[in-house]
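As written, the chain order gives the labels A, B and C, with residue 1 at the start of each chain.
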Amino acid sequence: MAGEKKEALLEIRDLKVNYKVYKGTLKVLNGVELRVGKGERIGLVGESGSGKTTTLKSILRILPYNASIEDGRILYKGIDLLRADERVLNEVRRREIAMIFQDPMAALNPVFKVRDQLYDIIKESARGKLAKEEIEEIAYRLLKEVRLPDVERVMDSYPFQLSGGMRQRVVIAMALASARELLLADEPTTNLDVTIQDQILRLLADLTMKRNLSVILVSHALGMVRKMTDRTYVMYAGDIVEEGDSGEIFENPLHPYTQLLVETAPKLTGNWNPRGVPGRIPDYLNPPPGCRFHTRCPFAEQICREKKPPMIAVEGGKRVRCWLYYKR
Amino acid sequence: MAGRDPILRVERVKKYFKLSVGTVRAVDDVSFDVREGETFALVGESGSGKTTTGYMIMGIYAPTSGRILYKGTDISVPAHKRPAWVKREIQIVFQDPGTSLNPAKYVKDIVALPLVVNRLVEDSREIEERVARLLEAVELPPDIMYRKPRDLGGGEKQAVAIARALAAEPRFIVLDEPTSALDVSAQAKIVSLLMRLQRERRLSYLLITHDLSIVRNIATRVAVMYLGKIVEIGPVEKIFKNPLHPYTRMLLAAAPVILREEEELLPRDVIPVGEIPSAMNPPPGCRFHTRCPFVMDECRKIEPKLLEAEPGHYVSCHLYKEQPVSQ
Amino acid sequence: MAIAGRVTRRQLVMESLRRYWFKFSRSKLSVVGLAISLSTIVIAVFAEYLAPYPEHAGFYISFEDALQPPSWEHPFGTDEYGRDVFSRVLFGFRFSLKLAGVVLSIVIPVGVLLGLVAGYYRGRILDMAIMRVADIFIAVPPLVLALAITSLLGPSLVNAMIAVTLMWWPWYTRLTYNVVSSVRNEPFVIAAELAGAKPLRVMFREILPVIVGPILTKATLDVGWVILIGAALSFVGLGAQPPTPDLGTMVAEGIKYMPEYWWISIFPALAIAYIILGFNLLGDGVRDMFTE
């Protein structure tokens, strides 16, 4: 079953985000709907430019200056983060929701040792004042938890002295220090080697399970998302087009876009027909009316060009935003 | 189909980089050959020496020892010392089209560069025509030639890079992670383009990649590299059906797959652990022994030799000493 | 083969100009900087037509008009010889911009060329030779160098230009060297070399177009700085000599009459500030033009 039954920790409703550029207004997010249950791991997949990162950044309200949130609600434990004041938001950022980026160097300060950076974060995220020994203990425990070998040496290293995989582990440790509820991971393993990717993903899966942490993992790699999450949302041009169990969704994709994505990905079985999805992501200045995918869809009909389809529940807990599944 | 004759031979090639802090053994005694019309894949993680090997074939640097033969001609020298026909016939497509295309130039000038510097064209009219034809060959509209790389998507940029490689009418192309910077959709387009070009022009490819699912689908033979050595080499079907080296099995086990059907192909006896050690101080004996789940005493002392496990399929591992094992 | 919609060079140039203008004009301050910079150039070129008393630029003495405060007749007042400060300031723009123009048009090509060569042949003898000489020039304090040169050649505007030129080129060499080093091993450079492009072509056709941004930005900012250094040299008596209406010289001359007759020094000083402000704001806009 999809996460309907679980109590929602975070719920995004009808999120619309625009960007202002010199050519005009880019209407990127077109009413994103997404929910994360307590302790649930969610995947968000789609081509680059589909709005995945914008969705994540909206949650923490760290969008670039030329972005504007037009509509929608992001309900977190009943609070609307889009309307919460800075103080509440900072509290949430410090203690409850953390984000991991693609490039670990973006989260690490090159001129401070790992020890200092980790201590700072632990201090920041603590509810009261901590004794030096307590901070130290938490820091060591975190680095052990992310399975870094030779914790002592890592503590006294500068970020550039660590390999890419080790840096990402440090970043995860830092995120764990401040994420008590939800972890947002934006392509956390994209720049790493496959065997390191696998280790990091297994580590993340393991740690979040132990701590009952919820996760939103954003990636364009379907395999990563399948490996590490419970439920997957497929995003196309600012819309969620399909939702389902991560292990199932690619096995029997419903939305024509998901079908094309799956068909397009190379398979280890070897019967790959590399065609690619025809066309490209639409221009957000003048996004197509109706279903935004209709310009590339092999099954497009008149209604697809006119009206945005609703999210339609299909058997097996799957949901799909496509007129093909609409029963009159 | 791939022919039998090797178009490229790499014989016991080494590449050591001397640095102030020590010597990096990037490539350490590697041999293989690429047959005319085939796609030969070099697979491994960063630090395995696969890109260094590709760069030696390109002549970006010369090997420390060993020989590289192209159609029988020794090309173990930097590119500027190679005969003109060799330089023309061997081309490269780099990993990231964002950095392999000059950001300040128009697509036309980027694609025409090999034609212009080798004086293969007469005037600007002819340049425009040739470029348009090359762009057509990579399925791009001709009006793209008056755009700059920043105006193009990732897949389009990589297609421009391929068009530039084609300008010299090559026979052999080194593909250095040609799709790893691209989305699945763009990746599929680029791969199908490369496959069509190979069929139509009878090109030979050396594909450098870490993506096993791409290798499975487009390569004919594959060599798995670890810390400067080839640990397993053979036809793609055999290696994927019967991966022998624990490192090959580890790579496969780590591959992100999306279907249950694929998952069943993954080895279950190896769990990815550890990181590739520094090529400055490679571990003694078998270089993989620090991460190998089946490590034995002799692995730490004796370096295994590349032995034939089944016809055409070689592995360098003490597990397969006398009797080639198959599953 | 016919190509649909053949594009002319002109169209391409217009298109990229539009793009540059868009990026430049996103900041209003850059546009203000452009306006100020253009106004200084106009003043410098047309000084004799704009100045109410062009003859006051050189030797001119009229003691009965001396040391008059600003008025409608003399907006910036008059100096100790009775010359109109406003007219002299307008001519001062000309000398200042001439200094900057001459210095930069020598310094930039030379400095960039040396930096390009050194960066391209990084690690070779040529690199060592060029960069060590540049380091020596950078190591000597600029004013000491200028002092040495002008005391050797005698104080004059031309000698000040020589001094500033000698102390300025290594900074362009350094800048160019650094940006060249950062792109030297980029795949697009390697690709050009593999295609058979000769070093000169790689340097000028592949690398140079990519690095014009930082060089042009520095050049724009430097107009102001060269003028400031020139004024400083004049101020300490090593640059233009009186009665040349050089802004630095005028400030120095007027100092004797401070604070009662403040206008003799203050207006030339404000003029210097005006020029520097203009080119600094312009420089920010130029930098924006070359960032994505």
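What we mean here is this: contacts are C-beta pairs under 8 Å (C-beta built on N, C-alpha and C of every residue); 3 or more make two chains touch, one makes a residue touch a chain.
Keep in mind the model is a prediction, meaning the values are calculated, not measured.
Looking at contacts between chains, the pair that accounts for the most C-beta pairs is A-B.
Ranking every chain by how far its Cα centroid lies from the centroid of chain A, the top place goes to C. With centres set at the average Cα position, the gap from chain B to chain C is 50 Å.
Remark: chain A and chain C have CA centroids separated by 50 Å (rounded to whole angstrom).
Chain centres here are Cα means. That of chain A falls 32 Å from that of chain B.
Across the assembly, chain C contributes no residue in contact with two or more other chains.
Note for the complex: chain C touches chain B at residues 1, 3-7, 12, 186-188, 190-198, 201, 206, 209-210, 212, 292. Contact residues of chain A toward chain B in the complex are 47-48, 163, 165-166, 193-199, 220-224, 226-227, 247, 250-251, 260-262, 264-270, 272, 274-277, 280.
Residues 58-60, 79-80, 84, 87, 91-92, 94-96, 99-106, 113-114, 117-118, 128-129, 132-133, 142-143, 146, 150, 161, 164, 168 of chain B are the ones touching chain C in the complex. Residues 45-46, 153-155, 183-189, 191-192, 195, 210-214, 216-217, 240, 250-262, 265-266, 272-273, 275-276 of chain B touch chain A in their complex.
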